[in-house]
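The same chain A turns up in both complexes below, where it pairs with chain B and then with chain C.
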Partner chain A sequence: MSPRPAALHLRLYIAGDSPNSQMAMQRLQAFCAQHCSVPPVIEVIDVLRAPAKALEDRVVLTPTLVRVQPAPTRRVVGNLAAEAALARALDLDG
Partner chain B sequence: MADRMTPSEDPGDPSARIDALIQRIRDAEEELQQLTGGEIDAFVSGTGTAYLLPNAQAELLESRESARGLASQLRAILDALPAHVALVDREGVVLTVNQAWREFGLANGSTDPAFGVGTSYFAVCARTDDPAALGSSEVATSLRAVLDGATTAVSVEYPCDSPLEPRWFRADISPVLDAGVVRGAVVTHSNITERRRYIAELAAKERALRESRTLQLTAERMARLGGWRYDVRDGAITWSDEVCRIHGVAPGTRPSIAEAGAFYAPEVRDTILAKFARCAQDGTPFDFEAQVVGASGERRWVRALGEAIRDEADRIVAVEGAMQDVTEQKRLEVQFLRAQRMESVGTLAGGIAHDLNNVLTPVLMSVDLLRATDDAAERRELLDGIESATRRGADMVRQVLTFARGADGQRTPVPVDRVLRDVERLCRETFPRNIEVRLRVDADLPSVIGDATQIQQVLMNLCVNARDAMPDGGVMSLTAGVRLVDAQYLGGNADADPGRFLVVSVADTGMGMAAATLDRIFEPFFTTKEVGKGTGLGLSTSAAIVKSHRGFIRAYSEPKVGSQFRVYFPAASGSAAEVIDTQSEEIPRGAGELILVVDDEASVRDITRQTLETFGYRALTATDGADALARYAERRNEIALVLTDLMMPVMDGNALIEVLARLTPGGRIIAASGLHTHGQVLRALESRVQAFLEKPYTAETLLRTIRRVLDG
Partner chain C sequence: MARAPQRSPGLIKAPTGITGLDEITRGGLPQGRTTLIAGGPGSGKTILGLQALVHGATTQNEPGIFVAFEERADRIVSNAASFGWDLPALQRRKLFFLDAQPSPDLVHTGESDIHGLLAAIEARVRTMRAKRIVFDSLDILLTWLGDPTLVQREVGRLHDWLLESGLTAIVTARAPDQLASPSGVLQFLPFLVDCAVGLEHTVVTGVSQRNLRVMKYRGSGFAESAAPMIIGERGIEVAGDLPVRGPARASTARVSTGITDLDDMLSGGYHEGSSALITGSPGTAKTTLAGAFVQATCARGDRALFISFDSEPAEIVRNLASVNIRLTRHLREGRLLMESRSALSASAESQLLAIRRLLDTHRPAVLVIDPVSALSKQGNETTGFGVAERLIALAKSRGITVLCTSLLGDASPHGEGSRIHVSTIADTWIHLSYHVVAGERNRALTIVKSRGTAHSNQVREMTLGARGVRLADVYAAEGEVLMGALRAQREAEEQAKAVRRDAERARRAVQAERVGAELRARIASLQEELALRTAELELATAVDAAAEDVRRKDRRERVAARRPHHPRSEPPA
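Moving on, here comes the complex of A and B:
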């Protein structure tokens, strides 16, 4: 019996409905649906509405995906077009 | 780039410095784009301000505009819906309503300028005087259930009468879900009055149909009358419940055509199937009485009628008809026929008494003589005389009894000449001596399939009438012969079929009848005789009997000259159709000549026109003299010949012929008449018409006469 995987908690910073942000959101959802056995908790934060929250997480560029749990914190900047980078960041590369 | 770097020579110029700063921002954005491969939309500065990059800005603007466009499109759709739609939130507060909702509010005198927007729908429902509070309590309950997530979607129908008319509405309440959580609901009210009315009408129609069907079934059962249908395309036969009962099978039975045919009594089966096949083939309707043998072996009399049903293309698709159990009527009919014969015997009673007297008088006288003489030879002679007179009397009584008691309903080959001779003898013996009875019978007469007693009854009735028409004496001529009868001759008479007929004629030299009397003589209870002398049933009974033999009666009469009755019975043997066909090849044809046919009898007009057109003529028809003149005036130069009946209303044939002769002296005219050809009227016309046709006439006679007149 393999140990139960720790709950995955992600935070995606986007800028409104702008194109790269939309792309990142769609790709993240598609990736999780395909690869995650347990649906992760995903917080979506719009920097245009909550820039302070971005500062707290030291996010400068949008879109940025932050892995909050499990530690350590990891981040991927960009529209998540590179699936390998995403898999690595989420520890799901097998 | 270098140009933009130096918009002005003066470094202290603020506008030049601003330009330079903007340029630096642009350069920074561009560098950022290059560094991140264009995957970045915004960056957050250390002061907590998010800056959108220009590409993202443009896209965002566009998407906001399209969202605005979408919203207005949704609004337009919502407003275009005929139903009244409201969107309520989780608490039941109305968020928005559509145009139909607002209009309904206005039409029903709402005083709320917001039409409920911003207030709780439950509060609206509680104010039943508010027009928005449609179907209040039920809708409120349903809305609560939907908002609480207790149910998914609800429809409620409720009455909502306007002051002018009864109305019905339906409320549909659907939850608005977000990630499975109820966030509000859409409440839709639709006016379903029309639909409710339609459904109610449909139900009423169905009920009426059911009632009428029940009524029909009751009527069928009571009248012992049912309906049937034969589908020509698939051969299926449908019998109504009563038809099933008549055949002694369970209601709902669907027999095959062979099974249905097998129910008819064997002696009539072939004839009936032929009629049926003919109707299905060329649409000839039928109406006959026959016996069926039910499933239990019991014989019943039925009357069956049928006619062809055609589709839009005039093709025969079915034969439909009615069938009635007439067994009871038949039984009464037999009783009636017997009663009428007794009546007939009654009218002979005087003659019979006289005749019996004639027989008994010599007997009585002989008895006296026997007492007076002892001579053996003389006594033997007297005894022989008594014996022969008594035999004659007994024979007479037997004849009368046979006639009065005769059995009805037996169909056998009847030698009509022998029946006629019996009738002649009875008449000769019982009629007054001043009436001379003559008999002429053609050789080799065919027999008739029928009921001997009934045929004798018909002839007896006619003879009694002839006797009564000659109170001062005269001649009664009985003749019998054979004649071919075609459709033309029948003149649309549907009770008989063309073919070879045996014709018995009873003619007298009595007082005759006026045309008005002649028209009515076959009506029951019509009589010209004094009270007590006749019941007026003789001729109507005779006509009924002859009709049941598929024959017909024709009457001719002229006042002061006499009357003649001809009875036509179908001959038992010989295929008349063949005979007529071979003859028709020799019948002269027309060459498109236009013939004006004038007759007040539609059936005669139609059959004559049909005959003429079949044989190469064109025909024009008129219903009376006046009509004929109008048509003649229109096409005077075209009309080659006028064929006119003499007896017509409005303007009779005589008057027409007078006028025609004046219009076109020497014009070709043929006069048709049912009167005796020796009538005075005809003699007066002789100079103006080329030929007379005695009605009824056959197609052959008609065509030959026309040809002769046209060629002459």
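Moving on, here comes the complex of A and C:
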């Protein structure tokens, strides 16, 4: 496994402790632990606490994972149950 | 909307400001509840939702949020620019568009929900104190969530959130695939909402026909039948519950028809605020009668609205001038408004709504529709009658005197019966026809009926000349009405006959005089004779009486001479 660029920056929008949001948090942590040689920057935004930010970033469905860096921006919606799709979206399937 | 919102316990109505819809729903959509607008693509769901928001923001002091799932907000704003709602100004404080289209690169990795969206909206509702909200359209949830059970769960979540928020909400959805069929993903939606409205858009022989129908309204009465609807210059307009009653009080006043002879036949003219129908084949001068009426109206100083489906106003004015009906001055001075409409370009419903707008702005005392049969052209036959009927009812409810002309397909004088059966609601029905006799075509006018009027049932000949319209007496010969040259001939014959009759009368008078004189002479002589006889009789009577006197006296003397104490009496021999 070759080291990934250290610049991986993720942002996870969650809605409080709703089941899908909590599941997404756990799965993202597990995924990164398994696939990332360098721990990525993970920013968690609770839209219930920061609704203006959700509006600004046009987050409609929760949970939503956004790859901020590296460009281009990618959006992944859902509780991250489909690991393969997540890996593809983050270019971590190689 | 003149009607005040109907109030029942717990049910307050939020007016939409949409002409007709507030009448159908008896005041508007349920306030603080959810309304479903269902309709296919292009049926006007988005416009209806936006119009209700704009009305709330501008007139009800109820700011609104538009959640745009399907179309981008800037496109919605530019599409609605032609309605004159001034969205940019409203967007500063009273109206907020929330762009919520899924991004094309969206990847699904398991279940998600709309918590994020609702949280964002909630924040916005608080900051702008929003009272109304539109979700357009919910079908998008299907694209997002994929799984029907998830859609159901999230719609339920949305519904609960809406109930708690107290917002007056409109959710739109495509119909009928998702709503009507039992397997449809959104088929439960109508059961969740308090009010459901269906929109339908069909194209019949090239003419667009739209309908709106309220399918359910919890706790409120509503007009159940489908109402025609248009998307006009100012947004959606619905042909709502037009009043079918006449004005509060039936007027007995008369308004001149503009033709003296016709006024005489109708004992003074049309009833004010009534409806008159003039039927006839092409060229029977229906428009001329309408023009005469309009001229008389304007000459009194009243306003008139002339809707023409046949020709351009300039053409009508020119043609009417040839029979001494002058409209130019009334047009110039604004009493007369002539509007030419193409019968082919729009549905009968859009025509009705356009005419209604003109009635609102021009406020005429008299409305002319020439011809009303145009409303049944172009696949509108089925709705055409309803439109004509409602138009007349609308005008009458405002006290406007209506005159409609109607083309008749067949030229037979007995084929009376207007193509769209307006006759049943017309108070006065005048039929114009051609009579072709002896190589001549003559116009005939018949008053078929006139409610509340002593009218002449006789057929009259109508003549058009430089001095105007005249109605001539006609001659009935062996059951046939004579006109034109035949009438003139008959008139001459009648005149000759009259001369002969006069001579005969004179002769008879002389003869009668002579006979009379003779009789008078005989009476005189008889009277003389009678007097003579009477005198003779009196004389004879007097003589008799005198003779009787003498006899009595004589007898008394003889009796006295025979008495016994008379010593000188001698014994009988």
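The working rule: the second predicted complex is superposed on the first by the 89 of 94 C-alpha atoms of A that agree within 3 Å, B and C clash if a C-alpha of one lies under 4 Å from a C-alpha of the other, contacts with A are read in each partner's own complex, and residues count from 1 in each chain.
Just so we're on the same page, a contact is a pair of C-beta atoms (placed from the backbone, for glycine too) under 8 Å apart; a residue touches a chain by one contact, two chains touch by 3 or more.
The shown structure was predicted, so the numbers you read here are calculated from the model rather than taken from an experiment.
Enquirer: Applying the touch criterion given at the start, work out whether A:D17 contacts chain B, chain C, both or neither, answering first, second, both or neither.
Expert: first
Enquirer: Examine A:P63 and indicate which partner it touches, taking first as chain B and second as chain C; both and neither are also allowed.
Expert: In the superposition, A:P63 contacts both chain B and chain C.
Enquirer: Is A:V44 touching the first partner chain B, the second partner chain C, both, or neither of them?
Expert: A:V44 sits against neither chain B nor chain C.
Enquirer: Looking only at contacts as defined up top, I'd like to know whether chain B or chain C touches more of chain A.
Expert: For chain A, the partner with the higher number of touched residues is C.
Enquirer: One more residue to check, A:V77. First (chain B), second (chain C), both or neither?
Expert: Both partners.
Enquirer: Once the structures are superposed on A, label A:L86 by its partner contacts, choosing first (chain B), second (chain C), both or neither.
Expert: The second partner, chain C, only.
Enquirer: Need the overlap of the two footprints on chain A, from chain B and from chain C, as residue ranges.
Expert: Correct list for chain A: 15-16, 18, 20-21, 47-48, 51-52, 54-55, 59-63, 77-79, 81.
Enquirer: Enumerate the contact residues on chain B facing chain A in the complex.
Expert: 32, 36-44, 46, 48-50, 52, 55-57, 59-60, 63-64
Enquirer: Quick one: which bits of chain A touch chain C in the complex? Just the residue numbers, please.
Expert: Against chain C, the touching part of chain A is residues 13, 15-16, 18, 20-21, 23-24, 47-48, 51-52, 54-55, 58-65, 74-83, 85-86, 88-89.
Enquirer: Using the touch definition from the top, list the residues of chain C that touch chain A in their complex.
Expert: 98-100, 102-103, 105-117, 119-120, 122-124, 144-145
Enquirer: In their shared complex, at which residues does chain A touch chain B?
Expert: 14-21, 47-48, 51-52, 54-55, 59-63, 77-79, 81
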